[in-house]
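Think of it as A, B, C and D in the order they're written, each chain with its own count starting at 1.
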Amino acid sequence: MTDQITTDPGKPAQRMRAGSLTLTVAPWIIAAIALMIMPLIFQSNSALTIMNQMWITVIFALAYNMLLGQGGMLSFGHAVYMGLGGFFCMHIMNYVEDFGLALPLPLLPLFGGVFGMGFAMIIGSFSTSGAGTRFAMISLGVGELIAACSVIIVAFFGGEEGISGDRTYGLPFFGIEFLKQIEVYYLISFWLILSALLMYLFSRTPVGRMANAVRDNPERAQFLGYSARWVRFYSFCASGFFCGIAGGLFAISYEILTEENLNAASSGVILLVTFLGGVGFFFGPIIGAIVFTLLQTVLSLQTELWAIYVGALFLATVMFFPGGLAGLIMMHVPAYRLGKARGLVVPYIKTLVPAAIGILGICALIEMVFHYRHGATGDVEMTLFWTTFDSHTVLPWVIAGAIALVGIGIARATAPSLKEAWDEANTAGGAS
Amino acid sequence: MKNLSKLGVVSALSLIIGASAAFAENIKIAFIDPLSGPFASTGTNGLHQFEFSADYMVNAKGGVLDGQKFEVIGFDNKISPKESLIQLQVAIDQGVRFIVQGNSSGVANALTEAINKHNKRNPESRVLFLNYAAVDPALTNDKCNFWHFRFDANADIKMDALTDVMAQKEDLKKVYIIGQDYSFGKAVAASAVANLTEKRPDIEIVGNELHPIGKVKDFTPYARKIVASGADAVITGNWGADMLGLGKSIIDNGFDGPIYTYYAAGSGITGAFGESGKGVIRLIGEGQINPPPSDEAAAFYTAFKEKYPDGNVDQSRISNTIGMLAAAIEKAGTADDMVAVATALEGMEYDTIWGGKLFMRPNDHQLIQDMHIQAHTNEGVTFTYDNSDYGVVVESTVKMASMDIASTCEMKRP
Amino acid sequence: MSVPALELNGLKKSFGKAEIIRGIDLSIGKAERHAIIGPNGAGKSTLFNLITARFPPTSGTVKLHGEDLAGLEPYQINRKGLSRSFQITNIFPAMSVFENVRCALLWAQGYKYSFWNLVNNSRSLTEGADAILDQINLLERRNLPAGTLSYAEQRALEIGITIAGGADVIMLDEPTAGMSHSETDYITELIMKVTEGKTLLMVEHDMGVVFGLADRISVLVYGEIIATNTPELVRADPKVQEAYLGAALEEEH
Amino acid sequence: MELILVNLIDGLVTGLLLFMLSAGLTLIFSMMGVLNFAHASFYMLGAYFAYQISLALGFWAGLLFAPLIVGVLGAGIERYGLRRVHQYGHVPELIFTFGLALLIEELVQFIWGKNQMPYSVPEVLDFTAFSIAGNSIPAFKIFMIFISISIFIGLLFVLTKTRVGMIIQAALSYPRTVEALGHNVPLIFMGVFGVGTALAGVAGVIAGPVLGTFPGMAFVLGSIVFVTIVIGGLGSLWGALVASLLIGWITTFAKSYNIAMSDILNGLGFATPENMSENPLRDLWTVTSPQIADILPYILMVLILIFRPAGLFGKRET
């Protein structure tokens, strides 16, 4: 699924191609099976809703990474393309309902995609002439304009309440009415696999390849017969298309589109999601979307302070793992190839487990401070990690502090040997 | 990568499911409102009032039915319609049957539609939507449904009451209307114009405009226009930072007439206005705080402040919501059959500790109650807001406001 | 006489008040290997950039096979069969060596901006790229990121990218700059091999390379060509010796 | 007529406030290439610190110390955070500041809570300086103008008359060359970042009492600061000043005068549609200038980027 795997060094071309076929097909089949099985494991409607949200974010993030990771274009207003696609689909949905047209619901996202692409063509016609700050600032400006319009132009955007519809009014599709979440889940999963596959294949086409070339060195690409501007334009339109599909799926899943789908916060979130997952690898945004959705939806159920932890996680990621979570995983490929990955397990346990415990200790301290300051008077009990205690006595503070100190202390003490093991695992030769 | 992510999903989802196993005997109420982000202060204070009301009014008195307790669970919707719908689904899966929400009519609109669809598609897990503060008139008019109940007076009712009082002020000649550019702001403006032209055709509306919501850094230019227009009074539906910014700016730039508004108390706003708002800020709302309407109300307030010294009882409708819900469950004899509970709520009359009667109008599920014009001041204030010296004191009251106002609601009952 | 491959007429370029190129007339025939030499700051790279439309000229014309290039973008000029390398290595460092060459082949093989072809499925692309890699002796390094190659290898790759598209006019900007003797020989040989039957225009400092490769040499001093002739005659030209070698000597001191 | 004068003064205050933020940002942006999304967060920190200090030591101590603390904090973040990220390129740097903005907002809520802070104008300045046709101009506004202009003059002096200023100016246009000349560029970066954030802090200190001190104050300011420096031209202090004032006046005047879109369209020769409520363009017809005042800068920026990518005063293409 990645350049690194398909371009395995030292293999002749022909064997490579045969090998890459299985290497590229296998993950897709696994992913498709996983998507099929997931609802059997998590049957509740909320789990399905969260997974739907996840897969929509995955499509959106992959589409975003077509620009950021593959094309080197930083967009601050990308929610607009998804949002507009969604609004358009919602209008079609209502139109179908009002006029009784024969449009099967599963085809609806296609219209969102076309609309997203159409809008991307308009904006791209003037924004893609540069890649750097100019592109970024135009995207920011356009994003703000559309978001502002969404409140002013009520006829299309429905103002602050947005527009809503009912997905079940369309014609039943082979007897499926999309009343149940599970039906929507499979619809979204189908589009997820299809869009992800198309986006992956896009990266293998001449335009997709040249997008990488233009990202790395736009000038050189010009001297190879390609206009950097047109390459960017095509990537931009393709990205707009898949964003629109994500928007259409959003319309089907939530049956409502609001200003929120267009605003700067949503655009910022998708940048964070993509970066958290890792822009350098095709599957990076997938991980990012899954992790972020879980953090946002599930962590926020557990603590009011979730945003602090998410903010800290981002800072840590960008400071220590600029390749994102995918980069972190792919760091281990060389060691794995050398057959030395196993040697890392014990040092990892020795360092990361205490570190994790230490970090949890710090989180506990933060939660306790918060409870102490903002909790109700007389409400001294708090529950943390399945333990209920009195936050106004000294003991819990001592324990949490000690856990934090000891955990971080052990992690620091064992870090050098982890580094050693790491270097050893990434050096060719020697005992393996 | 697949394994890793799956592991994450398993652990995360099991947390949700695990949470639903506990406390099966409680009657769960999901509070879906912003608990983080820019609107968190209002949301958190609302959650505290709900938790306190449930404990103080229901649980401390032995609960409802056979001793079942109310349990209020906070869900952070980040004031996003999308997140609200996800949290709604999570709440339903946890066995919650009562949803309370209030901040943002946009969210309320998304929730009421989603709940209507959910109840149609899943008759086995129906839920009720108890709206305690979203005041867009449409929710009890064109967009009404059987599962939605509004415990706050809607924007039209408030404006009706407000203009009744304004109409009696003979010296009022010029009024300026300003609001946030979205459905609620527009509804307030339209309602103000309609009511004033009907009740006092001689009052000149010297300005009627909208400004972007949550985006204005400096209200000075608006304030200048208001001062320059020679207005005697200002009407605004602004809330939050937009209310404070507009109000302060109008006062700073030399306006001394009354500013009639909906939301300018508590959440730090009373404290921030302080002396400058005295004699200027007038609020329309339900629930009398000063002078205390009853001993129970005073006791309620005192007990609340003891528990939450930083909080305010600025939404008496929250305790009304809890009280009426408890009464409806008792009357229906069940907390599981939503049709029964909803039917019990319809047409219910309830004596509130905040003075007067409450009546849940059956044809549109709009609560009819007394409306008060309250002044921001530091004189005669028994219970202050924001731990400042200032609070609101009732100046005049409209009994059972808009009891016979028409509604376009065509209620479809199951 | 047939139409020259590349023809410059009265080419001038000023940056502000400084006139860098002061009117150049030059005609290079088909399949000729032509070198431009001159002291530092003579405007050799600027001249290259004018020909390939990296900068617009202040006045004058550039004709490729008799066709005026005025107003064309670099990529359009490239499509007409003119390809160039750069003085400072200019490759795609994050992509593999193979990808670098394959990208250079795409337009020439007619793929244009297509998004319905998969590059991996094209035998002619893969084989074409491998053939180029074979020519520049980088087949071994095929799947490494280009940025990890040695300097000489990167220069070789640069030449590979430049010739891959099959352009018939090749322009090389100091292909041996900063190389050791053995590396220089390797590159010189490589240039000989890959420009067989093509028109070559190169800027070069290394006199050994120039005299070994070029059919004709032009001497550029302060934005003007003071002589154009065969290597032997240029070497003997007293004007060149005075102007160029003198300047070169001065520089060394 | 008098109202125009009043609006000019109001727009000047808004513009100068914006300038204090954009001046620092344009230095940071053009020198380090960092789109500092957290810049407005330092503005917020300035207001909160000043509020906290003013509780104990009064407003003037806050004005003095809060920007210093913010500046030191900014320099520290550059030294221990941003510098580490710098090696990875501009996008990670941007994400870093993005995350930082998120974290600062959360931390502010964690420490001060979510309510508006009662941070107010000091009593010495709490009076009406003068009135123009019934519109009072508060003394504090005059004070804000005074502070901003002093800072601009000071900054101009440092940049044009001192050695450090010369180096910074050179680094704005040719960062590589300056490094090659042997200057300690990382130190300059840290200094510029510190000073830039301190300027944002000053803006926060003097804007907090007027515009409100609350956790959303950074978000409200949002990306408008970027818009300012892009319109003005990257790296140009004059550009930042002109663009700030331009934005200040444009938004102020757009809010002050109800220019209706229907009037403009009628003026252009379009007839108002008869049945407005059915017309799909009805919202366009009813738009008035106060509604769109705050998005005008964005429209201006997009137009500038299309037709004059270097900005009004910029030398480099964005």
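What we mean here is this: contacts are C-beta pairs under 8 Å (C-beta built on N, C-alpha and C of every residue); 3 or more make two chains touch, one makes a residue touch a chain.
All values reported here derive from a predicted model rather than from experimental measurement.
The chains in contact with chain B as well as with chain C are A. Look at the CA centroids: the one farthest from the centroid of chain A belongs to C. Between chain A and chain D, the centres computed from C-alpha atoms are 31 Å apart.
Per-chain Cα centroids separate chain C from chain D by 48 Å. The mean-CA centres of chain A and chain C are about 44 angstrom from one another, to the nearest whole unit. Taking each chain's centre as the mean of its C-alpha atoms, chain B lies 35 Å from chain D. Listed for chain A are residues 148, 152, 307, 374, each touching two or more other chains.
Residue numbers of chain D whose C-beta contacts span two or more other chains: 106, 113, 291-292, 294-295.
Working note: touching chain pairs come out as A-B, A-C, A-D, B-D.
Partner chain A is touched in their complex by these residues of chain C: 52, 54, 73-75, 78-79, 83-84, 86, 90-96, 98-99, 102-104, 106-108, 111-120, 126, 130, 142-144, 161, 165.
On the chain B side of its complex with chain D, the touching residues are 36, 38, 40-41, 44, 181, 209-212, 214-218, 220-222, 224-225, 227-228, 241, 244-245, 248, 252-254, 267-269, 271-272, 274, 310, 386, 388.
Contact residues on chain D toward chain A in their complex (touch as defined above): 35, 81, 84-85, 88-89, 91-92, 94-96, 98-100, 102-103, 105-107, 110, 113, 222-223, 226-227, 230, 234, 280-284, 287, 291-292, 294-295, 298-299, 301-302, 305-306, 309, 317-318. Considering their complex, residues 3, 6-7, 10, 13-14, 106, 109, 113-118, 120, 128, 131, 133-136, 138, 210-212, 214-217, 219-221, 224, 251-253, 255-256, 258, 288, 290-295 of chain D touch chain B.
Within the complex, the chain A residues that touch chain C are 3, 6-11, 13, 17, 20, 201-202, 204-210, 212-213, 216-217, 219-228, 230-231, 234, 238.
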